[in-house]
Amino acid sequence: MHLHEYQSKELLAKRGVQVPRGSLCYDPLEGLIAARQLRSDKVVLKAQVHAGGRGKAGAVAVVSMDEDIRARAAEVLGKRMVTEQTGPQGKPVSALLVEEVLHIDKEMYLGIILSRGSARITIMASPFGGVDIETLARDKPDQIYTTQVHPLRGLTDYKARAIAYRLSDSKKIATQIMDVIAAMYNTFLELDCSLVEINPLIVSGERVVALDAKITLDDSGLFRHPEMELWRDRSQEDSLELSAKKDGLSYIKLDGNIGCIVNGAGLAMATLDLISLHGGAPANFLDVGGGASEQVVGDAMSILLDDNRVKVIFINIFGGILRCDVLARGVIRALRRQQVAIPVIARIEGTNIHVGRRLFEESGLPVQMIGSLDEAAKRAVEVAKTV
Amino acid sequence: MHLHEYQSKELLAKRGVQVPRGSLCYDPLEGLIAARQLRSDKVVLKAQVHAGGRGKAGAVAVVSMDEDIRARAAEVLGKRMVTEQTGPQGKPVSALLVEEVLHIDKEMYLGIILSRGSARITIMASPFGGVDIETLARDKPDQIYTTQVHPLRGLTDYKARAIAYRLSDSKKIATQIMDVIAAMYNTFLELDCSLVEINPLIVSGERVVALDAKITLDDSGLFRHPEMELWRDRSQEDSLELSAKKDGLSYIKLDGNIGCIVNGAGLAMATLDLISLHGGAPANFLDVGGGASEQVVGDAMSILLDDNRVKVIFINIFGGILRCDVLARGVIRALRRQQVAIPVIARIEGTNIHVGRRLFEESGLPVQMIGSLDEAAKRAVEVAKTV
Amino acid sequence: MAILVNRESRVICQGITGRNGTFHSLACRDYGTKMVGGVTPGKQGEFVDGIPVFNTVWNAVQETGADVSLIFVPAAHAKDPILEAVDAGIQVIVCITEGIPPLDTASVLYTVREQGRFLIGPNTPGVISPPEECKVGIMPGYIHKPGPVGVISRSGTLTYEVVDQLTREGVGQSTCIGLGGDPIVGLGFVDVLKMFKDDPQTEAVVLIGEIGGSAEEEAAEYIKAGFGKPVVAYIAGRLAPPGKRMGHAGAIISGGSGTAQGKIKALEDAGVTVVQNITQVGTILKDLLG
Amino acid sequence: MAILVNRESRVICQGITGRNGTFHSLACRDYGTKMVGGVTPGKQGEFVDGIPVFNTVWNAVQETGADVSLIFVPAAHAKDPILEAVDAGIQVIVCITEGIPPLDTASVLYTVREQGRFLIGPNTPGVISPPEECKVGIMPGYIHKPGPVGVISRSGTLTYEVVDQLTREGVGQSTCIGLGGDPIVGLGFVDVLKMFKDDPQTEAVVLIGEIGGSAEEEAAEYIKAGFGKPVVAYIAGRLAPPGKRMGHAGAIISGGSGTAQGKIKALEDAGVTVVQNITQVGTILKDLLG
């Protein structure tokens, strides 16, 4: 679960990190008032969207108090913002962070992730911030310092100190950076994060300030932090994907017209690849999970049936814990409830396959059973092209 | 620093451990009222002294409400209690814990220490409590289960569970014991303890209750818990030892008449042993520490000069960081201030020895310098016998 | 022979009295696995269809000599049972549980590795050695067939798909292992490849990877350095959009790394036959070994 | 030769800019020790009488090749510098600091042992190898003399007393080590005895114990199993009353264990010459080696 910049800053500020003065605004007038309250010549307006690359996309604007602040705010508020990370449809901007403009002496980078290979929390730091870490890794690989934290010992002062002194020679600055690192680490640990990033972390005079921050919570750890659900901004997430998640399904919208239902994430990905290999375009990734119930299968079918882009439904199930008869019942129920006659290609295999096959045959519904996965995928692609 | 039973119980109860209902009383009338409030046929009166062996010494009494509770309380309150651990002079009882009497189905033992060899927190448990751990170790060594806690991992549930199920087969009881172990462990860690003990931990019906508890805080960790100083009961400690500690000295009263001042704990112990080997009896252990100042040396001298049992003072200093001239100045100042003419035998060696020796010689005070440690000790013993 | 689990493995199930624990313990036993006990605190003395239940893993190991454990416990409490298994001396730990917070997995993994034990998963279907009639996991046993192919995968049903193809083509398996679909898991491709290398029964390996992380790239590097047995690979997720989690918590392309294309290239550079069409794995292996 | 520290040791001081740190760094250098650097965060670039100061131990090691560290930091913050030294690759860590909470020492000791490093102390005078002109600690250097006797002790001034006797009798020392007076310390008697056993220069050992714990009993057991060199021991604290802490945090008899009598008996059973009168250690060693 992604957090907005303002939320990320709030979590860090609570743990002692300095952030620019500012406030969150939901309409242009509020924005004007907020800007005036900062009593400064210039302010920065930052659109709150779940996507990087905001700078290039014009989602961050430094404006002078001479300008028409309301107009500038209105240019973004309520609009959809397209950045290199949002996809062409963009993401809606419902809130604007209005902040003071700080004098910048130095821009640094600090990020924390959980590294897969070592299975350790890894702190990445660079004295050159303000660009994204991938660019940094490409352009100045020897200016990124990574430090791993012992999983049982936790973050020690000396590790934070070693990083801090690589970013600054000044004791005054380094001491503040140490505190920032500790705050980031504690946030990461306490909230089961998958990313805590401050970029840039700036030196402004004698102060160290987090100019931008990005926190992502790991979905698997969310059950420990139910209070964080209140911070979920549903407007930033696809509504179909959201409702699928609520049903216990894993669904991702794609651009094609072949609706897919598969059990297991790996098999689901392989199914998309196979369809694509045969020249088709899947409308979605949809994993009903290893042990889905009749209800869940029905819900999955409904999501596809509700999607008017879908020309054909391709079911690929290798029944293990999920029995083929349960699957068949769920599919049949959903098809009967819906009055649309969408063609269904089903390749089912595994536990109770015979019962499942018989149920489909006896249903009288337009479900075509094909034993070979390859043939089934080819057929789905053909059907999608002809419908 | 030792805590009283009632203090130990308070710390554990705060962390969820069940303790008997009761209250602390400072005079007999209060005791009577407390007993009545328990609305029970019998109550137990427990003298609060820093010593084990209270049971055998009559410091714990179960009394019926028919009896004269005030009289029974008056038997102990304000008296000195002599147990096998207090020494013949005993310890004053200024408070009485008045508690309900619980039905006991089973008495168990739980204790936590920091084990020297392994340098790990060690949990000791036995299904046979109510006797002290040394007796238990002698009589039922195979009924004591010890478990070590990984210093970085901390106490895991499964370790607490394994102990709990060794004490009880009942899930209801074992689950409560797990919570007690966790509470004890957390107390140990949070307060830098050297001992957290519940003995006995009882099963009373379906409840697990700490009938008696004993917590000792490690002196080296006390600086992290300044609030615990408020709980120090100075009446339970020797006043000379206390004032010595305030001066940064390490002083322990012994039974003899030769006052000793030494730098370094090991050398101080060796000095006592040497005096004893030559037939003398030291009045004290006194370590002025490795880097004592003139002031501290003077304070140390004053403690001995104030002790009217002391017939001769034996100074044994191997100057390293502590310079012999600093020592001499401190001793001379204290002797001059005090108007008593107590003989002093001094064996000093090490840094600035010549200056120190000259200072003593020029002082005109009754300080006898002897170069050989063995001879010096012999001489001190002789002097003590003749004075 | 096979690897990790075999005819001699003595298996317990932590969480045996739960619905899944009971179901799969009995299914494993039906397949031939020596299910010697189970653990559910407070239920010592009970039996699950003849399998004795203990309060602690320690008790179970003492009484049954168990060396393998199959874990079914809720994600919120999975850390402790894994540590308990390690502490009690269990050598191979198979954790089926899905949705364990990665920081918890990372924490236990430290101890697992420090103690030299093997953790399979979490979020794995488990491990099965058909020639040894030993299954420790939730995979459908009947699709397997004893034979010379080792299968390693980050995905459950995709493994079933491949195994089913192999069996239909008459190609049996030595050991099939699901590594688990989480970003942080115990055994990785390289660990298992090393075991397959030393296993005389394994003549070829099928490696089923997916997007996310760099486990496949590391496997490629290891294979390149001289694995010595043919490897056929399939990488799922060529169509996956960056930044989207494809079901598995570990299957996510971030910052341009972890793409299927990168993995396929690395494996091909290492001399691995990378299959584009998942449905051809069975026939390719048949040709390879035939 | 000697053990632990020698002519080649490259020593840094953590806390070099403090009063004690400066004083003893220079005293060690005066004795002959290669003091190559010091660490005080924020003071990199400064010098202490010619000794360069670094922000981190890591920097100091990189620049100077240090392998030994002498630590002077307040007890409340001693944990972190020890861990830092270990992490930066320091092999021998001498921690002078007194009054470190035992739980802190126990915590760092885990990492020190896991990484195979040597921690001397805390609450130790340090270590000195007179034949190698290397002193890493606070002991008065001038009382020492190169020679064949190894000295191990839990006490500081008592060691000085014994060393002084030895030197006066013309008996020199190979290495003298204060283990530290705390209940939890790094190196123990047995660790150091093993080193002395392997050190050709050491012909005899003086072991100075005291009440509390069971380190002397363990030493006795080790010696009994075949140490092969003569050992002379002294145990301080025969008069100590139970339950009273005799200055050292570790010197306390509790529950009837840790008594001088028990330790003396164990050592005598192991063939160790236990001296009753501390002032005779020098002459006994002279007779032994003469």
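In this document, chain identifiers A, B, C and D correspond to the written order of the chains, with residue numbering beginning at 1 in each.
What we mean here is this: a contact is a pair of C-beta atoms (placed from the backbone, for glycine too) under 8 Å apart; a residue touches a chain by one contact, two chains touch by 3 or more.
All values derive from a computational prediction rather than experimental measurement.
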Shortest chain-hopping distance from chain B out to chain C: 1
Winner on C-beta contact pairs when A-D is weighed against A-C: A-C
Between chain A and chain D, centroid-to-centroid distance (C-alpha), Å: 56
Intercentroid distance (Cα basis), chain C paired with chain A, Å: 28
Inter-centroid spacing, chain B versus chain A (mean Cα positions, whole Å): 59
Between chain D and chain C, distance of the C-alpha-averaged centres to the nearest whole Å: 50
Shared-contact residues (touching 2 or more other chains) in chain B: 150, 152-153
Residues of chain D whose C-beta touches two or more other chains: none
Contact graph of the chains (line, ring, star, complete, other): other
Each pair of chains that touches, named by its two labels: A-B, A-C, A-D, B-C, B-D
Parts of chain B lying in touch with chain D, wherever the complex brings them together: 85, 87, 114, 116-117, 119-121, 133-134, 150-152, 189, 192, 194, 218-221, 223-224, 250, 252, 254, 262-270, 272-274, 276-277, 282, 285, 287, 290, 318-321, 349-351, 372-374, 377
Residues on chain B engaged by chain A in the complex (per definition of touch): 150, 152-153
Residue numbers on chain B that touch chain C, as the complex places them: 153, 156-159, 161-162, 165, 169, 171, 174-175
In the complex, chain D residues that touch chain B: 75-76, 99-103, 105-107, 109-110, 125, 138-140, 143, 153-161, 164, 181-184, 208, 210-211, 213-215, 218, 234, 236-241, 243-251, 255-256, 260, 276-280
Chain B-touching residues of chain C, taken from the complex the two chains share: 41-42, 44, 55-59, 80-81, 83-84, 87, 111
